[in-house]
């Protein structure tokens, strides 16, 4: 290869990065958020977003624009550098997951950024990087709830990383390779790994899914974020775009997990009866639904009217009883302001808190 | 200019020295451990580089590197447990304050 | 082994660098665009509206450490499983027995951790 | 890899199985002393497979990564005996101090396994792994008493020193690998013959930090006093004999197999380190009041003596002397530590002045302690005398007369502080005359240690034969 | 297909990765903030990963991220956060022997460098590297099987030992 | 036979160790029986000893074959008298110690262990064994001084211990040098004498010689290595002092005669004059310092330095005559004198320490020479024996000391005439010192403090009278003893000629 070829490769890589990043930002995050809200609203007999655009389709875009304008509140005594780096790290880790995921097939070519030799190992490694970002974010906020949330999230993610790896390993074992493309191709020779060596295939898939769900802090594994107790966990202090980056990373990872499940257990793009892209898409959406929505964070939500516009912090300050929360050993907030807090947490999650110019 | 074995060895040596400096000058037990991790990384660079340039036909160096990574993890687990235990009774993780017995 | 290992990873590197830039960009934009009002309350640590007390860095349960530690050990175990998973079909049943012993030994550790209650979530 | 390979490592398999079995027993039973008893019995049973190896020829097994030779067998025997004695002592010592009694014995057996592996590894990866294996269990054992700040401190310090030393050592290993492109010791030995000297020197020097740490050789000795003082007494005893012995085993194997002294003269290096260790250890031991600390410094000095055996490797005296010394020292040092454990348990103090009048309060222990102290000084007819005799003979045989003289001078210096213990026990008036309880298992361990000390001193021929056969088999 | 070679590119990548490795490493050992030190380990480890890639050791690279960046650093962060180090307060992190330590480190580094440059390394340019995950796996299951099994014992004792030491008794 | 002599005391000691603490009487009886049995057997050996038969009663068993160590015992005219002397003094010491009540069990055990060690040193013909017995004597002596000694016992004990350990380890190195230069490697003393392994290696020979010299000279003690002696003697309990002066010091001179002289004759000859000068200094210094002492025990101790000087002078003279047939007769005489002096000093000084003990331990509790006076009338038996012993010590003709000193001077005059001439003047100092002492203690007005002192009781007499009798017998008729010694010494001198 000549230097020119190298430059070409680099150019291609940059291009692909932009494409994937945009795809993640637009499709997974925005669409995901929209769908999540809409479907959980439907499940809970609510309407969900509906004002902005047709059927509220543009709600997420509006939210993004809003988030872009939001003031970045950096808490007192927070470690600014780390405070900013943490969401970036999480987002980039989510992005890097997508390097090894084959999107489908175009003629003879597999649509994939790069088919790494150690594909699934790489995938697991990237997933483990997120933990650092979460810990860093939780710590740098200089907030004990954020720190505790970070520790809890991290602990949970660590705990489920091993089962996740076990699921991956089972597949690697059956396929005899770590490459994602190789895994898909192995399924063309055999069957879907879901049905391989019944019931181990099912078992592995189940373990993988459960672990993946936990890995991205979804219900019923949302304990660490414990909105009702820990005020949204490690990103309690995050506002605006930084918050959005965390969300982006989380969604990117969640979708990557779903894609990985499809690739490993459902034969990827290799369903003979349907066009590859269609099959891949359908299977993928099915898994996404399983991961994100059936076990949606809004399952247990009580519908609380949104608070009046204005600084939530200030309004709470006024209504809070004097004195701090009692120091209970497990750092739970005493019950008296629980309802209020749930309300704040709810409202602050999609909207973030802080002044909202123009409502 | 080709990238050769010596390049890697230089980097590893520098990393090793940096780690050693950390080990020698830090007073926080965890920070000392970090220095040690840097030193171990330097060793691993050495091993992998030697494997690549001296004995590319086998995987001895890589295997050694994997074992060292394993050992580093075990060391971290055990060592940090000891640090935590010491912290519980002495309320410090600074080695110059962990001196009930005279040094 | 394909010759393009480096090229493969070049993509990963570019992804990391460009991704970082793209992720950091909005932060910079926001820093330029977003309103700033220095209200002292705003930079106050957010504790459900209650005025923060004490230091944030209170020490938490050592149980977290136990989780992390068990994780590390088993994570290391997993790295030995990856190469095994790839080659075990090509090797004889002996490889399987070897891995069985390997895993069984670690299961003893797991049993131990479980008996000592190190696996219980708070 | 064949079935006979598997037979050759039956002792190791047995130890591994025993340790795991102990863990399981511990999980199932509430009577923790039972675990200890099982451990002792299992260790003693392991002598059978180890003994069966004695008759076999020297060879390497499992793709050349593991040696089965007299040298390895010798250290297997030593390790197993030391471990059994320490477990026996701990049965009486540990209860009430830690909640994790059963695990203690299991960890000791694991350590024994690591030591055995260390002495027999012929692959630098396996060597590094087993050294680290031993280190990890030792760190844990040193910091075992969680409520005790001294033990905490011992654990942390041991860990930090140990981890740093092993990192440096591993760097040395990596250079060795780079020079030869192999991890097998014999392969390395073949290829290192025309390796450039400076790199070889560097590699050896860096590796010495790891081995030096294990054998507490100056200048890698700083951890010794604190760890010995802080660690649970049986653990300190164990570290001072078994860990040291395995360190020497690895050092000797590495130096003798890999580096031809004709090409790289490490003899002088080792000799100088030996002299410095002896002298410094002794001088620092002089002002000590705490018995464990004193024994720690004295163990540094003994490391120096043992190094004479490494430096004087030519002829029939140096290396066998090292082995004999190690075995004799094992009994004596273990005995001394056991007495310290007993007194520490009964009186709650490790200070030598508090030993006053011990000859009246615990006559048997005091007598044995006196024997141990005299043995450590090198008085005949005790085990350490035979060892010292041998290494000094080796030094003279190798033309290292100056080193022998340094050794002799240090022996005299050491008498001063060893006699201090005897003086306290026999000469100083007792603060109280209440007889001390001398618990059974500890007494048995103590008795065996005393018996070993004297028997080796009086009739060393079997040990000498064993050591000689061990050395003859070393170079395949 | 011949190996991809672009000396300039490789050198550039090497330099970048070296800097990514070494500069944060300096931060690790000098920062007054212990958490920053710990987080600076991440780029160092990633840089080392990059070097492994340049050396064609993909599997080791993956493990490097998984274990060093994903596990060991997390463990270190946990401990820092669970102990006083988490306070982020800038307290003196260095002891009195900075000049001594610097001298020792520089001296040893210089010595090693000297040796590195003086030694005619026996470079084997003929063999083509053939390692990937499966060669490592095969090595572990055959030549290095004893090491493989001992590793599991090492992991076991670390697990048990660390639990014993870290566990808080009720 | 020899093993029996050596190990009977140890056997008794071990039995005592396992007796209950309360049965003190039984312990004493066992100690007495064992040491007496040892004495009886040694006398039996004397009766069976054939003059001129070389090494006799040899026992030789393989012990550590891989380094050619044997359990090898044997006696000749040099060691046999010393063994008998050891046995005699030990029995007497046990008798003397009958009243001991402090930590009796340990005392008797250590005492008997000490006896075994000393007997072993004199009987061992294998260097390894020799070294072990040599070291074994150190430990009990340390304890005897350290536990039952005087006020500064700890200091004295550790000083003794350290000094002698330096010596013995130096000896160990010297032994090893000899061992490695012998072909085949051997520890057998007889074999080494026969081989003369270092005859062609002067440097190594010198090293070995000085190693042995350091060891023996400290033990003797020669000036300037004597400083441990006064402390040890003064602080040791009476029986300890007796054994120390009577026998332990002889181990040093025995070593010179048994080891240095036959094994390294050339080297010894080269340094003989120097050593003779040291011996001379010891003679003069010992006498002068003794004169200045007011402490009776110290006085006797320094007189030992003086007397051992005579012994060393004799040995050095013999060494100086090596290789010179014309001086062989003188050498033999000197050696005979030296060995005879060893025996004589053992009996006389042993007796003197008992004498001091009798006064100090059970009566006056002070040793200040000036505090006494006029005791002669008050304690007639005591005074008589004391005077006899002191006269013997200063070399009054007709008593044992005279024979010894005379032979030494006679022999060494033939080799080092000038030195000997000076040494003879030392006798004058010695005489002056003892006479003055006798005068101060027994003559003059009686100090009223001592008006109630009782004379010696039966047990004390039993201790001292045999010694007094021996002094006289061998003073008047030294021939049997001299023949015994001469048989060995002339053989030695012949070999060295």
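A few points about this structure:
Order as written gives the chain letters A, B, C, D, E and F; numbering starts at 1 within each chain.
Methods note: contacts are C-beta pairs under 8 Å (C-beta built on N, C-alpha and C of every residue); 3 or more make two chains touch, one makes a residue touch a chain.
Note that this is a predicted model, so its numbers are computed, not measured.
In summary, the chains found to touch both subunit A and subunit D are C, E.
Among the pairs A-C and B-D, the greater number of C-beta contacts is found at A-C.
When chain centres are defined as mean Cα coordinates, A lies farthest from subunit F. The most central chain, judged by C-alpha centres against the centre of all protein C-alpha atoms, is D.
Centre-to-centre separation between subunit A and subunit F, using Cα means, comes to 95 Å. Averaging Cα coordinates per chain places subunit C and subunit E 16 Å apart. Subunit D and subunit E have CA centres that are 32 Å apart.
Averaging Cα coordinates per chain places subunit B and subunit C 20 Å apart. Across the assembly, subunit C contributes residues 1-2, 5, 7, 9-10, 16, 55, 57, 60, 62, 64-65, 68-69, 71-73, 75-76, 78-79, 82, 85-88, 90, 105, 108, 112 that each touch 2 or more other chains.
For subunit B, residues that reach two or more other chains under the stated contact definition are 9, 16, 19-20, 23, 33, 35, 49, 54-55, 58, 60, 63, 66-67, 69-71, 73-74, 76-78, 80-85, 88, 95. The residues of subunit E that reach two or more other chains are 4, 10, 54, 56, 58-59, 61, 63, 66-67, 70-72, 74-75, 78-79, 81-84, 86, 88, 112, 121-122, 124, 129-133, 136, 140, 142, 144-145, 147, 151, 153-156, 158-163, 165-166, 168, listed in rising order.
A list of each chain pair in contact follows: A-C, A-E, B-C, B-D, B-E, C-D, C-E, D-E, D-F. Of all the residues in subunit E, the ones that touch subunit B in their complex are 7, 10-11, 14, 18, 21-22, 25-26, 28-29, 34, 37-38, 41, 44-45, 48, 51-52, 54-57, 59-60, 63-64, 67-68, 71-72, 75-76, 78-80, 82-85, 92-95, 97-98, 100-102, 104-106, 108-109, 112-113, 116-117, 121-124, 127-131, 135-136, 139-140, 144, 147, 151, 154-155, 158-159, 161-163, 165-166, 168. Those residues of subunit A that touch subunit C in the shared complex are 1, 6, 9-10, 13-14, 16-18, 20-21, 68-76, 84, 87-88, 91-92, 95-96, 99, 113-118, 121-122, 128, 141-148, 151-152, 154-155, 158-159, 161-162, 165-166, 169, 172-173, 176-178, 223, 231, 236-237, 240-242, 244-245, 248, 311-317, 319-320, 324-325, 330-331, 333, 337, 340-341, 344, 354-355, 357. Residues 124-125, 128-129, 132, 135-136, 139-140, 143, 146-150, 152-153, 155-157, 159-160, 163-164, 166-168, 170-171, 173-175, 177-178, 180-183, 222, 225-226, 229-230, 293 of subunit D are the ones touching subunit B in the complex. By the touch criterion given at the top, residues 1-4, 10, 13, 46, 50, 53-54, 56, 58-59, 61, 63, 66-67, 70-72, 74-75, 78-79, 81-84, 86-88, 129-134, 136-138, 140-142, 145, 148-149, 151-153, 155-156, 158-160, 162-163, 166-168 of subunit E touch subunit C in their complex. By the touch criterion stated above, subunit B contacts subunit D in their complex at residues 9, 16, 19-20, 23, 29, 32-33, 35-36, 39-40, 42-43, 46-47, 49-50, 54-55, 58, 60-61, 63-64, 67-68, 71, 74-75, 78-79, 81-83, 85-86, 88-90, 95, 98-101, 103.
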